[in-house]
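Naming follows writing order (A, B, C and D), and every chain is counted from residue 1.
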Amino acid sequence: MSHISPVLWQFLVKWLTNFQLFPPEASKIAPQMDALYFFMVLVSLVGLTLVILLVLSFSLLYSKKRHPVATQIEGSTLLEATWTIIPLGLFLVMFVWGALIYFRVYTPPANAMNIYVVGKQWMWKVEHPGGQHEINSLHVPVNQPVQLTLISQDVFHSFSIPAFRVKREAIPGRYTSVWFEATETGTYHLFCTQYCGTNHSQMIGEVVVMTPDDYRKWLAGSTSGNSLAQDGERLFASLSCNACHNTRPDARGPNLVGVYGSKLTLTSGQTVTVDDAYLRQAILDPAQNITQGYTPIMPTYQGQISEEGVFALVEYLKNLHSDYRLQQTLNTTELLPEAEGKAAPAGKTNAAQGEVKQ
Amino acid sequence: MSATTIVSLPDQSTARIPKVNFLTKENGLLSWLLTGDHKRIATLYLISITFFFFIGGALAGLIRLELLTPQSDLMAADTYNKVFTMHGVIMVFFFLVPSVPATIGNFLIPLMVGAKDLALPKINLLSWYLYVIAGIMAIYTMVAGGVDTGWTFTTPLSTHYLNTNVVSTGLAIFVAGFSSIFTGLNFIVTIHKMRCPGMTWFRLPLFVWSNYAASILMVLGTPVLAITLVLVVLERTVHIGVFDPALGGDPLLFQHLFWFYSHPAVYIMILPGMGVISEVVSTFSRKRVFGYTAVAFSSVAIAVFGFFVWAHHMFIMGISNYAALVFSLLTMLVAVPSAIKIFNWAFTLYKGSITFETPMLYAFGFMGLFTIGGMTGVFLGATGTDIHLTETYFIVAHFHFVMVGGMLMAFLSGIHFWWPKWTGRMYPEKISQLAAVVTFIGFNLTFFPQFILGTLGMPRRYAAYPPEFQVLNVFSSAGASVLGVGYLLPILYLTWSLKYGAIAGDNPWQATGLEWQIQSPPLTENFPEIPIMDHEAYDYEWLERQQQKEVASVG
Amino acid sequence: MSEPTGQDHIVSPKTYAIVAVALLVLTATTAGVSYIELGVFNAVVALAIAVIKAMIVVLFFMHLKYSSKLTKLTAISGIFIFLGLISMTMADYISRAWGRW
Amino acid sequence: MSDSTAIAHDAHHEHPPYQRHHFETVSQQFDATNFAMWLFLLTEVMFFGGLFTAYLILRNWYYPAFVVGSHQLSIYWGTANTAVLITSSFTLAMGVWCAETKRKSGLVLCLWLTFILGLAFLGIKSIEYHEKWVKHHVPGIRFSVENFTHPQTDPEVYNEYHDKPLSPDMASKTELYFFLYFAMTGMHALHMIIGIAILGYMIIRAKQGAYTTGHVTFVENFGLYWHFVDIIWIFLYPLLYLISRHT
């Protein structure tokens, strides 16, 4: 083989050892999506073969040599109806099938564990409820539904895990979510697929699927000390949220204990279910989200809390089931007289905490 | 007449190109720059879009060269981003949108409807000047440092996070948009008001129908793009915040308005190509197009439905899931007329008398590639599979199958088909057949691997990629070089044929269209006297009787 | 060729005058109604009057009433596509609140 | 818009000089240019359509901000301008009639009236714009939310509407309202300016008798354009001035 150029040789070796034609199926939804995919491939192949066969056989049968004079035919309503109705039927099947999968991908099950993801130029920051922070990697346990709550700090990004067949855009200013249940342990690609500026192609990472034991070990080994809810609790205190949002009878803001998941009536008369997205809106854009019976005195926190900070607050409020913790926060704040002054930089401190500590 | 060709050329020893024709009537640069003649304007357009095609093609070559290796080594990431952005902008707005309509359509529509010119010749010329101004602005953008937003101008990236020449690109596209509006407007008016006596709607060649449908899209869709780009430019210059989430705007609103034009734009690009294929398939199988009415109405159906499917570009972008359902359903409906067309063309061959000249080879290529392109569109139109496949190389391959495999094949088919009419000379047949085959092979080698890459999950617009994708990328780049040869050949031999090609005579293909019944190249006023249409389109029996009459009168 | 035949109908000055007065009256009405509290109907009435005024202008000043079917169809198709743009975009925005997506 | 000037080298002598060579009959020429004008107006509908869509969606999102924003507009000026524009449409329609019935002096008079009314509209508009400038309501360039966070700072408007103060984040959304206000009325005013410029040209041509020879295409088509610009205003007026008077 000495006369084969090394470049070509290297290429051939690579071809033989590193050639992929289909991505791994590593999530619960992947086989379902692939079933539809292969159905479509099949239909396409049949259609394409049909077209090629027709064109080829007509070309051979009716070439000028064999068939010097053409027979003029107007058309055939029956035939035309056939190739209108059959494709239409097939397309409608694909539509319904596709829609079922679409809703499945974007409807997380109730028992999913939540992980928060912030996209920014050009990295993915992952916040685990346990307080673990990651950059450009995501560790998840196998066989456990995981819901991702995504947001972008700047431009559109898209969180894509081909092996799981899921993808969702991270949008500035709004939460989106997607879920998956990994079925195979291993390391998979994580891509940003929405063009997001200069280093778009560097905004990649890996998804590590671990056995529950390994995952527990990883959690323990990479914790930053505080859980995300605890970070949120601190932020809650340092921004003096509890000055109004407390359980005192004369509180100026609504009591937030158990507010997550409840239904609220706003001053505009609208009824909303309190979810992650609503909490974010209420923190950053309070004027439009005033609970009925309260005056619109809450200032906006737009630009003062990083997206990671908002995630921490959301996580804190989500887990706020008894006012015991709130009371405790209140006491902590009262112990710190200059907490008020620290309010603004607190968000930034938290953002700094968002940096990975692995 | 040989048994394998329908080409009937006049006796080359005595044949002459008519002394008076639209090319020779007036001389001098000014007679071209101030012309009102649709055929001259079409020629100007042909030259300018070819120029931009090769710029865009060179940029495509750079992209493929960079993707030969997984690292971003030929270009830095930001250079790569500028290259693919300019490739997209130039190919979409300066080649594909004006390709068939502004050149072949401009040349043929008055001829096909039996008119002396388009209804508004000055507007037609203005449209070309706008195109040139827009082109100069685009070139200025490139020279001044390029732009790296991607041709889709996604906000807030394009408005707040980049400091390249977004404003000049936006304005270039704005101006190019008005060029396209005026072309479309002119076509609609001409088709409605300038048909010759006897030319009823259902005697119009299908090329006219499909250009009519595309013109509707141009006239109604382009203004929305124009106002959207104005808003983007204002957002960058005075920070007004309609698309900026930080100021309370909604970036998805931009997506809605942008795709309201840019999805129909896909049909603006492909519909005129479909018209070319109808003409070519009919001519080279000597048969009326199978189910003329169905093909005609399917063009209009595509135009109407095409307006209401735009949000299928945004399925994972955070539109409401219910809206996604509606748009997905409409997308499935708009796929049906394309399927109808493909089968109607295939059955046009049935019991025909087929010959295989270059335009027909390109048409066969179109039918195969467009079938693949169309079917993979359904993959993306179905909400479920769209999640996995969108924003990957699958979508890149899909729209290149439609745009390059479809529209460019059709464009080349049309250029070869009408070349004798346009210039009075034939192109060299053998080498052009070779070019058609090379293009087809090169195309498949370039873009088919990209479907697999997309399924594997390789994201689009990546300057660097994981090494396991390299093999397929090498195939793709290799194919691109073959494709490049396939595109260079025509420009060489077509230029050659301008001087050395065989004299074509009036009707080398023995085709039935009105344009073939007059001299080639045509007179400035097209018809010595306004024709009267007394037969259906694609009536080969009429043509035969006509020829017998001529023979009799000469004899 | 004495008279351009495309211009079949010459609208009389009287019609123009009546139309102009009607438009001014409608303008005064819509301005007046805006001072009355009607809740959501303020917007409905204002837009309804605007539509009526626009129709009067199109039909008489722009001669659509006397124009060919083609011109009528053109005007209608423009409105159709415009409403398509607005309604389908709005449909997305409104239905976003329906689910938890 | 088609230019009515005849081309010099008209080979067909039996045709009137204003007929272009590629049309068979004058009637065909009139139909074609008239239809082209309608199509052009369709593109204008879609052009403004994008802005209307943006306005409706953002108004739904930030209703309170859009309401107080529109309280800054003067209904008197708005109504006056509507009346001016409608009158100008009337005078131009009369101009078309004069052209059709070949009354040259009448046509010139009508065109002058339209011209003056058009300028009057722009004059009133510029008074309104100036007020916005003075009150720091020009988005992106000279803007302050002072009047919306503290309505009493603007006693004139406050006494009429008694707006409640907006929270700072909602007040900042008034900038969007004013941007759309300027974009829509500005785009409309741009169309007015173009129209007035063409009117000036037409007055000169009309004095030379260009439109009173039986060839009214240009006047008729310009009329379509002018009336269309009027219609845009007919919708802008309620959307911007009227519908938010009551909250």
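Methods note: a residue touches a chain if its C-beta (ideal position, glycine included) is under 8 Å from a C-beta of that chain, and two chains touch if they have at least 3 such contacts.
Note that the structure is a prediction, hence the values are computed from the model and not measured.
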Counting one step per pair of touching chains, how far is chain D from chain A at the shortest?
1
Farthest chain from chain C by C-alpha centroid distance is chain A
Between what two chains do the most C-beta pairs come into contact?
A-B
Approximate Å spacing (C-alpha centroids) for the pair chain A, chain C:
45
Any idea how many Å lie between the Cα centroids of chain B and chain D?
36
Which chain A residues sit where two or more other chains touch them?
106, 176, 302
Identify all positions of chain C at which a residue touches two or more other chains, and write them in rising order.
70, 77-78, 81, 85, 89, 93, 101
At which residue positions does chain B touch at least two other chains?
192, 220, 224, 252-253, 256, 260, 318, 321
Considering the complex alone, what residue numbers of chain A touch chain B?
11, 14-15, 18-23, 33, 36-37, 40, 43-44, 47-48, 51-52, 54-55, 58-59, 62-65, 67-76, 79-80, 83-84, 87-88, 91-92, 94-95, 97-103, 105-106, 121, 154-156, 158, 160, 162-163, 165-169, 171-174, 176, 189, 191-202, 204, 302
So in the complex, the part of chain D that touches chain B is made up of which residues?
2-3, 20-24, 28, 31-33, 35-36, 39-40, 42-51, 53-54, 57-58, 61-62, 139-141, 172-173, 175-176, 179-180, 183
Given the complex with chain D, which residues does chain B contribute to the contact?
115-123, 181, 185-186, 188-190, 192-194, 219-224, 226-228, 231, 234, 238-242, 247-250, 253, 256-257, 260, 525, 530
Could you list, by residue number, the parts of chain C that touch chain B in their complex?
70, 77-78, 81, 84-85, 88-89, 91-99, 101
Please output the residues of chain D touching chain C within their complex, sorted ascending.
15-16, 19, 25-28, 30-31, 34-35, 38-39, 41-42, 45-46, 49-50, 52-53, 56-57, 60, 75, 78-79, 82-83, 86-87, 89-90, 92-94, 97, 100-101, 214-217, 220, 223-224, 227-228, 230-231, 234-235, 237-239, 241-243, 245-246
